[in-house]
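Pasting the structures here.
You will see chain A twice below: alongside chain B first, and alongside chain C after that.
Here is the complex of A and B:
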């Protein structure tokens, strides 16, 4: 790891001003992505601004219509929150499938979304529920937030503060995990919202990152059962391909995981 | 440079380290606690797992400066005098190690899962909870058996204490 200077601000305002005063600063939350990247010398920020102890980024709030989670909340906290499990069980389940217990004890919602890894889990829930990403500057709809591999609508120095997830009528998350890295080889978040509309978001598979599977949404809108997806196939053209799985393999997995997720609605 | 004050295995310790120092480097190279191992540089193997304020974390993926003010427990802090911790004793009893390189991390993860979930734990839970710990020798079978036995024993102990 290259040399860096560590800062621990005690407010969001102080974090923002430290950021603008440094030459190449990065925010540090759980460090479960940034520190491995720095150890590989793939990132070399001059300054690290630690957000992990900011009370302003903590907390879970549940209303009749939404679950709002502070960006600094760890995966373990979301996975074991009784409130989240009651309101959106699929979200608690998703958080419990991120990495391993030690990663979940430190890694955060905000860090995962800021990074926008194409195989990360949280982007599927944010897009699959049509969540809103709140920052120090504005509120961003899920559709505008994700802009391709490792790319988001966030501007320099903008900090995610919290995320509001609308509570669906029913939802499930099905993840086909890479057995070594534990990231998603393909995973699907499928939801039926309270107004009856269907949202299906796919992570791990798309060559532009998380996306909504429109063909699957249309089939489920006509008939919201797993068998509605029997004839639906996904075009491999837009899929990732690597040593772990070809584009055709991932395209097939999208339908398989979507079927399982809709199957999960019953339970 | 960062001044880091920690409680390590119950003892208050302070050190002046470079800001980029990882917690595992502070533990091993400065404090001489070499029981915590480093098995990879990708945050995947879990040989470096310690407890930070009571939760299992990978000490290779945390800056020493981030841990300032925290209570850290390492493998050296589990035994009481000559008496091994029940998880350590179970690893010996059930032959839960071969070369022993992964063992400190395995045991710290095992203690963490038993503390969080209570016991006795079943095989499926233990295997799921061990996903962040890699062993190149044992095939995991005896590790799982050791944790099963320790979790049952510790559940029995805590019931007896109530």
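Here is the complex of A and C:
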């Protein structure tokens, strides 16, 4: 790790001011990606601004229509939240599948979304539920937020404050773990919203990051059961391919995981 | 058995310090004024080093010195050696290229060290390492065994044309060809054994320090065999004569073979300490370095043919193997694919004719050397994949085909050097099949099919050779060292005991099992027995720990020393008790006159030995005896493993739903520790079969699996609960009847897993590791209509 200056602001305003005053600052929101990258000397921020203790970024609020989670909430908190489990059990399940216990107790919702790793879990729920990402500057719809591998709509210095997840009629998250990293080799968040609409978001597989599987959504709109996906295939052309799986394999996993996610709606 | 003696499930004495974080590892050592070293490593798989400019690095904050291969050569520091000479079929000696501790003209693999930076802190050394300006001229690289001997392949060492180190053979080619020609059935298989990264939990580390006043060096390092390290560093590398070099291997966090070898970094740290005036120089690998430069394991390509007669008896076995040695010949790299591999190709079977050719080949990859099992997993994988494939092609039960070909009379001379001394292969097969409910598999498969799962079962009847090895025998085969072991038993005046052993513990539990042996013999509580190892200043010359030798060889040396201690103690007791020496027996820690109530405690005898007030006439005071033990043969642990899997056809994920291991390890000292060894071995074997593979990019030569993000280590939830059992045939070759258990799990399990997967899929072969992606592709190819869920 290169030398860096660590800051622990106590308000968002202070964090913003520290950021603008530094030559090359990064926000630290759990550090489960940033710190290993810095240790390998692949990232060298002059200043590290730790958001993990900001009260403004904490908390889970559940209303009739939405679950709103502070960006600084750890995965472990979401995974074990009774309120989240009641309102959107698939979201609690997803949080419980992130990394391992150590990662879940440090990593945060905001950190995951700001990083937008193409194999991270949370982007699937955000896109799969049509969530809204609230920041220090504005509110961003899921569709606009994700803009490709490790790329988001966030501007320089903009901090995610909370995320509002609409409560669906039913949803499930099915994750096929990468054998080494335990990220998603392919994972699918499938939801039927209260208006009956279908949203299916895929992480881990797409060469542009998280995406909605339109062919699957269309099939499920006509018939929201697993058997509707028999014969639905995903074009491998847009899929990632690496030593852990071909594009064809990931395309297959999209359908298989989607089918299992819809199968999970039953409960 | 006593509560702490041979056969008792004694908790490990060493675990209190390990579990509470009180272990003392090399990196924990902080001698005064220690400087920190970082290596500059080649980013290229193959490159000419045109120039190295160290001036900016030398001027960086905290930097003490920056040294290169040219400096090393100027100081006439010798290169690293391969300690086992192999001759090719044509009688020519192996063609080993030079292996300098710091590359001078050419870097031959990604991570090859080209300079060492020594600074006040590690971070300063890292900063300065980035300022070392190396001008490389990139050369074409070859990482791939199949292509490395092509006429147009890049030439890695001038000494080895077409990158061929040796073309070795073992066995009778004519008799084997004749058997193949008259075979009623011939099984042919092309098979790969995947490349593995050893992944000890403790990375390698070294602290070299030089005392200018005494002209004496000390090396702390992560070694499985500190005396061998001292010997090589003295006799070949030329650091210092042995009496001027102390090597200490303190607590070592796992080795699996990878810490047997004498690596470049240790040489560099010792030499650098002298260059900077004697301050200790410490280097500890980070995990990325461990992936890049620890010696890897396995990496074979094999073409094999097994001939059967009409009665399904094996009549011949012909094998041609290409073994990847990597960019340099590591310390024992030459013997692994030869004498530790081809000698086990008879398996548990009576095979009249075997012929094996092995070509050892340089590539632009990390060196490859012994890794848990070392040659024997490769042999077992081949033999047991052949047997399973043969059974399927012959249409017979795989268990019965094996049983038909088992060796049943001992000793048994195989056609490939080994003479098996004892075994009962039916016993382990029967035990495993019964435990696995082999007969009920069909019903389980049908039930799994109703759940949409593909269920398969696979066997592996492994044999291995441990207790390496009779010194004269290995000497005649090219070994540069003898493979005996030493021990010294020191009885203290208060009756406690120290055992100095040439074995080295890095997870095996020697501090417990060796103490159990002493307890068994002398009746002293194991809390009064200390096992001392790992320091060439404390312990007599010894050969270290690898090849499951510490029980069969290391403990045999302790037995011999104990024999001498007992003999002297009996003489003293007889004198004190005014009895005849032949009437003295040792029971419960007391020396008694047999059949009487006259006795002396062990403490009284020990004290008498040291006071010297009343000893038999002419007897020397003291009670301390040493012994060297040279084994008479290898030992031959064997067993049967049964693996049952269920495959999810939608994802290709394999779940191991049952794993049974029936092992014959001969006499067992501590069943709990043996079970731990088998658990770890099976976990590594399943890792090889399902998860682990070191992958290099074929064009760039970059290591694609350079971290745990891409290299999949087995985790608890990848593994089932293993069901273990042992049978026992006593090894006649050593005094305790032990065979060894450290590697069996890693040797026996990969073929059982792959046999189960190929059974489930109904295919001939699948490459290890059988990842979900590979299994799904294989399933799709085998059953295209069924692949979509």
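Everything below uses one rule, namely that the second predicted complex is superposed on the first by the 267 of 267 C-alpha atoms of A that agree within 3 Å, B and C clash if a C-alpha of one lies under 4 Å from a C-alpha of the other, contacts with A are read in each partner's own complex, and residues count from 1 in each chain.
By our rule, contacts are C-beta pairs under 8 Å (C-beta built on N, C-alpha and C of every residue); 3 or more make two chains touch, one makes a residue touch a chain.
Fair warning: this is a prediction, and the values are worked out from it, not measured in the lab.
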item	value
Contacts of A:35 with chain B and chain C, given as first, second, both or neither	first
Touched partner set for A:181, first chain B, second chain C, both or neither	both
Partner chain in contact with A:231 - chain B first, chain C second, else both or neither	second
Which superposed partner A:1 touches (first chain B, second chain C, both, neither)	both
Which superposed partner A:243 touches (first chain B, second chain C, both, neither)	second
First (chain B), second (chain C), both or neither touched by A:52	first
Contacts of A:106 with chain B and chain C, given as first, second, both or neither	first
Overlapping contact positions on chain A, where the chain C interface meets the chain B interface	1-3, 40, 180-181
For the chain A and chain C complex, residues of the former touching the latter	1-3, 40-41, 176, 179-181, 185, 230-231, 233, 243-246, 249, 252-253, 255-256, 259-260
Chain C to chain A touching residues, read off their complex	123, 126-127, 288, 650-653, 691, 695, 704-705, 708-713, 771-773, 776-777, 787-789
Footprint of chain B on chain A - complex, ascending	1-6, 8, 28, 31-32, 35-36, 38-40, 48, 50, 52, 76, 99-103, 105-106, 180-182
Of all residues in chain B, those that touch chain A in their complex	2, 18-20, 22, 41-44, 46, 49, 52, 55-58, 60-63, 65-66, 68, 109, 112-113, 129, 131-133
